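In the two complexes that follow, chain A is the common piece, with chain B as its partner first and chain C second.
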Partner chain A sequence: MAIEIPTLPEQMPNDASRYVGKAVNRVEDPALVSGTVEFIDNFSLPGMLHCAILRSPHPHARILSVKVDAALAAEGVAAVLTGEDVGRWCNPCFTAPEGWGNYCLAVGKVRFVGEPVVAVAASSRYLAEDALELVDIEYELLPPVADAGQAMASGAPLVFEERGTNVMLDRTYTWGELERVFAEADRVVSRRFRWNRVGANPTETFGCVCRWDLADNSLVCHGAYQTPRFMAIGRAASLNLPVNRVRIVTHPQGGGFGGKGGPRGTDIAALLSRKSGGRPVKYIEDRMEYLLAGGGQSWDRHYDAALAVKADGTVTGFRVRLVDDQGAGAEGYGTISAAKPLAAFTGNYRIEAAGYELTLVATNRAPTYPYRGYGPPPHNLVLESLMDCTAREMGIDPAELRRRNYIRPEQFPYTVPSGNEYDSGDYHAVLDRVLQMADYDALRAFQAEARAAGRLVGIGVVNTVEPGVFDWNAYATVGVPGVGVPEGVKVAVDLFGGVTVAVGFSLQGQGQFTVASQVAADYFGIDIAQVRVATTPSDVAVPHFGQGGSRLGVAVTGAILGACEKLRAMFCTVAAHVMQAPEGGVELRNGCLRRIDAPEHSMSLAEIAGLMLSRSDLLPPGIEPCPEATYVWTAPNRNAPDDQGRCRSYLTAANATHVAVIEIDRDTGRSAILDYFIVDDCGTRLNPANVEGQLQGGVAQGVGAALYEEYVYDADCQPLVSTFVDYLMPTIHEVPMTKKDHIVTPSPVSPLGAKGCGEGAIHTTPATILCAINDALAPLGKELLETPASPHRVWKLLHEDGAAA
Partner chain B sequence: MPNKQRVEVRVNGTRYVREVEPRLTLADFLRHELNLGGTHVGCEHGICGACTVLVDERSARACLTLAVQADGCGITTVEGLRDPSSGALHPIQQAFVDGHGLQCGFCTPGFMMTTLELLRCTPDPSEEQIKEALGGNLCRCTGYQSILDSVKLAAQRMKPSTPA
Partner chain C sequence: MKPAPFDYHAPATIDEAVALLARLDGEGRDAKILAGGQSLMPMLALRVARPEILVDLRRLGTLDYIRDEAGTLAIGAMTSKQAAADSALVRRAQPLFQAATELVGHRQIRNRGSVGGSFAHADPASEYPAVALVLDTGFEAAGPDGSRTIAAADFFITYMTTALEPTEILTAVRFAPFPAGRRWAIEEFARRNGDLALAGVTVTFDVDAGLCRNVRIAAFGVQATALRLTAAEALLEGRPAQAAQFDAASKEAAAALDDPMSCIHASSAYRRHLVGVLTARALGQAAARPH
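The block that comes next holds the complex of A and B.
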């Protein structure tokens, strides 16, 4: 049976939406503000032990001996796990590209500061940490590979000796006639950029409670898991268990942003449970562990990039060379973040040719992991900064230069040189709206006055395309196989007409339970309070992925609508039978099954579900007594990539333009954001308040990345960041209270016309801020092409000539 | 094993007496000894503010306070905000719900306890006063704008009615 998913809210079987498109209060919130939500550290099992992990103080060293006898004899200690156990029982984690993975606990040598070496399970966390102090480890120090340059030097020490090189991947993509457009260009604008490491830092770190059932040889892991089924497959692979003997029970999470980590902590807690006779073991990562070596470091990049530009300002080519420091292995799929820019490589522009030289290297820094945006934030910073450099060189207003190069509304669907297809958009309208809202001409006049008075004021106007609804095919170039990302739900109607939506993921903050409730309530014409969204353990849930790639709002909407469409067909058949209507003579409308020829004859959802569950004698032939349906959604019309990585990958293409006004303090180098404007277009806004929250939250993270946050390593590869005193998260004082507006171009290809909208702001904000800073610096003839533009870094630039600029 | 010390506290109006190790933090005491899990722990070094509670009416970082330091004190946690008889949300809680002042909700108890102290001391705060009060709490989700709006909404709703 072909299922038609409504592509606009008006196609739902009701006279008017009561919930979709409205800023309804979130169903998640009453429990969250009451403090009663079961975050993982609020969960316990009887007899539970607590894990503490001893971590490497060295970036690169051989482990000569590990003595744990004293720790094992310490008070309250039930088990001690070492590399010897892990080498015997486990496999290194799967990676993309393959073969760059570590074991969950160091075996033979350590590759980064903070790598787990020994773990203890004891009756309390305090006692477990006490016992770690009794562990004695002898190391032989090895020369570290401190950065990407060292990694590629001949004769460099090897992070993974068996690989024979530190280069994980070295590929060149050419899309279109790149050499020709650069040869024919009237101007080539090139720069080198450095994006330093930042990371997710959700307020809750990773945590889990694992229990290895020794009789059944099965494993149950409760935890803060973003992608439960993916986690189950990974644990089965690393712990040598059949997948159907691993159950992942995901709990609500205190944020994720991709960088929650999890595999190492889970495997360690699971093995400690195995070693302690099957007692449950809790591991709660602390913030110092997270900052040193958790799943929270991303994007350590060196760029060489250039635009080919014609005399009239038409940009014809974009060439990027990226050397990406992945740290000690690919365990965190940090590699994917170098592949994702293919989905929107040339941004909002009609650039006809592009090239990408990609080198991923291993060093002795901590392994990199996903972080919200997953790669495009640095890529967009490079592209958009080059657009500003071009505008400055040519004496064209930066907004005008962009406008001249935009993909035009009538060109959609538009295939970019790197292969993805943008579904829809109107970039000119978004730019017009934001320039009007910001009163751009007045801003430029204000800037001119300020400059005349000697102030360093700059304006950034930056637009980006947000690839939304990720597909595995986008990441094939770094070795992740697959097309399609199943997201499934089960929708069940109970005896009383209540609706339960069973999903495979849990709360993480984006409000997907609310969106699911809105969609199901509107579809069946019931009150939102009659919908319940419930998380299912990974082993019994329908195929699912969870949060990731600005995908889940759209994907879960599609899955619910698919299941609802199945239920509608089933209920109509049952109702027609019992109401003695002709086949096809009943429709669902506003929550009632009614005869089309006599709408006064109708049945409620509760009547239909009750009849199906309790009066099998009245059911038509072939109908099971089951008022439930599952549906697994994946984006339609995706394809496998070609030899240059080109494919229809991300389903939707939202876009936004940000305008920032920044003033730099000459004495301190501090950049103050004086004003900030956003206009975006993410199609249908299923819950406008959720969308605004995603935007503003992304701005905050973008501000952090652009101005404050940085994982600093010294020349010996020792991390200098281990607390929030060193890693500067933006507070309410640093984040601008943005002025926002939007336009709506519904996606013609997605459920209800919604586009992925979770990452657009972090894609755009760092570039906007850096462009504004460089606009402020322009009169001094200075440029800053490194992030974060911290006060220290800006001050040094201002004062490099010896005197205050 | 270090000697245990007796701690007597009144949390959200209920009296508790426990023997605890001197090194036990107030956060761990509340969460794991008293099973009041609404006070969350985000950094354990006093920066993020997720664990903020009121100790004798003043905001304190439960991660940097030892349980024994709270001996004899009255403590208010997020569990003490709802009306105990009706179960109704406190106006601050309701304002955070209505103002979409949270996403993942992990930092929210800390923000609400800080807000409670602010509005008790400054019932009609300016935007700058709100920012000053909340400047010690980190939120990674919201970008603070909806939190600011929620606090303004709470202040407006809690303002003692002025004579006409």
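The block that comes next holds the complex of A and C.
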């Protein structure tokens, strides 16, 4: 049976939406604000032990000996886990590209500071940490590979000796006639950029409680898991268990953002449970562990990029060379994030040819993990900065240069050179709206006045496309097979007319339970309070993925609508039978199943469900007594990539244009954000308050990446950042409350026309701030091409030749 | 991130606390006093500090006061910083100390952090030691031989080290009257609101017939402990309270610094530069302040 998923809210079986499209209060919030949510650290099991992990103080060293006798004899200690156990029982974590993974505990050698070496399970975390002090490890120090340049140097030490190289992947993509457009260009604008390592820092770090049932040889892991099914498959692979013997129970999470490196902590806790006779073991990663090695490090990038430009400002080519420092292995899938820019390589522009030289290297820094946006934010900073450089060189207003190069509204659906298809958009309208809201002409007048007074004031106008609803095909060329990312739900109607939506994911902060409730309530014409969204453990849930890649709002909407469509067909059949209407003579409308020829004859949802469950004698043949349906949604019309990685990958293409006004203090180098404006278009806004929340949160992380955050390593590859005293997350004082507006260009292909918007402003904000800073610096003839634009960094630039003295 | 084992005492009176410290010292045991815990608790959790014994002063109840003692402002050591920041008496009697208090951390930290704890902790980036140097704050310490008062100039020894003996407890800080019309300012540069300063400067001076008198300038966040910038003070003393003089003093303030600290957020050269910028700003702000 082909299921038609409504692509507009108006296509749902009601006269008017009561919830979809409205800023409905989040159903998640009462429990959050009253403190009754069961975050993993609040969760305990009887007999539970607590895990503490001894971590490597060295970036690169051979482990000569490990002595744990004293720790094992210490008060309260039930088990000690070493690399020897792990080497016997486990496999290294699987990676893409393959074979660049570490074991959950170091086996033979350590490859980064913070790598787990020994773990203890004891009756309290205090005693477990005390026992770690009794462990004696002898290391032989090896020369570290401290950065990407060292990694690629001939004769460099090897992070993974068996690979014979530190280069994990080296490939070139060419899309269109790249050489020709650069040869025919009137101007080539090229720059080198350095995006320093930043990453996700959720309020809650990773945590889990694992129990290995020795009789059943099965494993149950409760935890703060972002992608439960994926986690189950990974645990089965690394722990040598059948997948159907691994159950992941995902708890509500205090934020995710991609960075919770759950696999290591889970495997360690699981093995400690196995070693301690099956007692449950809790591991709660502390902030220092998280910052050093927990999965919060991403995007350590060196760019060399160029635009080919015609005399009239038309950009014809975009060439990028990226050297991406992945750290010690590919366990966190930082590799994949370097491939994501293929989904929107050329941004909002009609650039006809592009090229991408991608080199991923291993170093002795911590492995990199996904971070909100998953790769494009640095790429966007490069493209948008080059657009600004071009505008400056040519004396064209940066907004005007962009406008000239936009994909035009009538060109959608538009296939970008790197292969993805943008579903819809109106970039000119977005730009017009934001320039009007910001009063751009007045801003430029203010800037001229300020400059005349010697002030360093700059304006950034930056637009980006946010690829939404990720698909595995985007990553096939870096070693991830597959097309399609299933997201499944089960929708059940009970005999009182309540609706339960069973999903495979849990709360993470974005409000997907609310969106799910809105969609189900509107579809069945019931009050939102009659909908319950419940999380199912991974082993019994229908195929699902969870949060990631700006997809879940759209995907879960599609899944619910699919299940609802199946229920509608079934309920109409049952109702027609019991009301003795002709086949097809009953419709669902506003929550009632009514005869089309006599609408006054109708049945409620409760009546249908009750009848199905309790009157089998009245059911038509072939109908089961089950008013429930599952549906597993995946994005329509996806295809496998060609040899240049080209495919229809991300389903939707939201877009936004930001305008930032920044002033640099000449004396201190500090950049102050004077004003900030956003206009975005993510199609149908299922819950406008949710969208605004995602946008504002993305701004915060963008401000962090642009101005504050940086994982600093010294020349010996020692991390210099291990607490929040040094890793500077912006706070409410540093993040401007942005002025926002939007336009709506529904997606013609997605459920209800909604586009993925979960990553939001992190795509745009770093580039906007850096462009504004460079606009401010322009009168001095200086450019800052490195992030973050810390006061010290800007001050050095200002004072390197006495320019601002 | 859990503390190493320690013994815990919570004496009910100062005398009991002093006797306990004397006994522990006599036994050669390493005891640490716990006040608001805003610095000590994280250090314990990181096992950076691992005293054998914690002596918690939070049950004393007698060191939480702000009062006017015949023109001298006295603040009990266990008074919360937020209470000091909110006090009308502090604002009136010691406006610089009040302003400095508002720069400490965030409200949540000031609610728990004690006035005495910060002085005794003597973090080089803390505002308090520098302010104490320019205000001639007196530190009252109770020990086995009774009480003594330590002058600010003698109190701060070096990095997180004060003149307090292991057997002594800081019980109060006292501020000499702040003359009417005295100019003051505190300026600091921190990466974020509420962060420890990368550098900071505080100034006080009088203006008599257009000339600067009793100039005091102190810096924090730049060396192991807060320090008076005496060369800059001398340069300004008796000179007109004008921008050109302030600039000269600021340049001297930066130039005369011995080897400022360096960290990932600020090199030594940048810190030196910041001290100059902040001195100029503080002097200008102090001169412009209505009084």
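What we mean here is this: the second predicted complex is superposed on the first by the 801 of 805 C-alpha atoms of A that agree within 3 Å, B and C clash if a C-alpha of one lies under 4 Å from a C-alpha of the other, contacts with A are read in each partner's own complex, and residues count from 1 in each chain.
Throughout what follows, a contact is a pair of C-beta atoms (placed from the backbone, for glycine too) under 8 Å apart; a residue touches a chain by one contact, two chains touch by 3 or more.
Since we're looking at a predicted model, the values are computed, not measured.
In the superposition on chain A, contact is made by A:Gln696 with chain B only, not with chain C.
In the superposition on chain A, contact of A:Asn42 is made with chain B only, not with chain C.
In the superposition on chain A, A:Ser385 makes contact with neither chain B nor chain C.
When the two complexes are overlaid on their common chain A, residue A:Val735 makes contact with chain B while staying clear of chain C.
For chain A, the partner touching the most residues, choosing from chain B and chain C, is B. When the two complexes are overlaid on their common chain A, residue A:Thr768 makes contact with neither chain B nor chain C. Contacts of A:Val721 after superposition: chain C is touched, whereas chain B is not reached. By the touch criterion defined above, A:His792 reaches chain C but does not reach chain B. By the touch criterion stated above, A:Thr346 is placed in contact with neither chain B nor chain C.
In the overlay built on the shared chain, the residue A:Asp667 is in contact with chain C alone; chain B does not reach it.
Chain A residues in contact with chain B (one complex) as well as with chain C (other complex) are 126, 286-288, 723, 725, 731, 733.
Across the complex, chain A meets chain C through its residues 125-126, 129-130, 133, 286-289, 667-668, 670, 708, 710, 712, 720-721, 723, 725-726, 728, 730-731, 733-734, 790-792, 795-796, 799.
Within the complex, the chain B residues that touch chain A are 1, 21, 23-24, 31, 36-45, 47-48, 50, 77-79, 81-82, 89, 93, 96-98, 100, 102-109, 112, 131, 134-148.
In the complex of the two chains, the chain A residues touching chain B come out as 23, 25-26, 28-30, 32-37, 39, 41-42, 75, 126, 200-205, 252-257, 286-288, 507-511, 689-690, 692-693, 695-701, 723-725, 729, 731-733, 735, 737-738. Those residues of chain C lying in contact with chain A across their complex are 1-5, 46-47, 189, 191-196, 264-267, 270, 273-274, 277.
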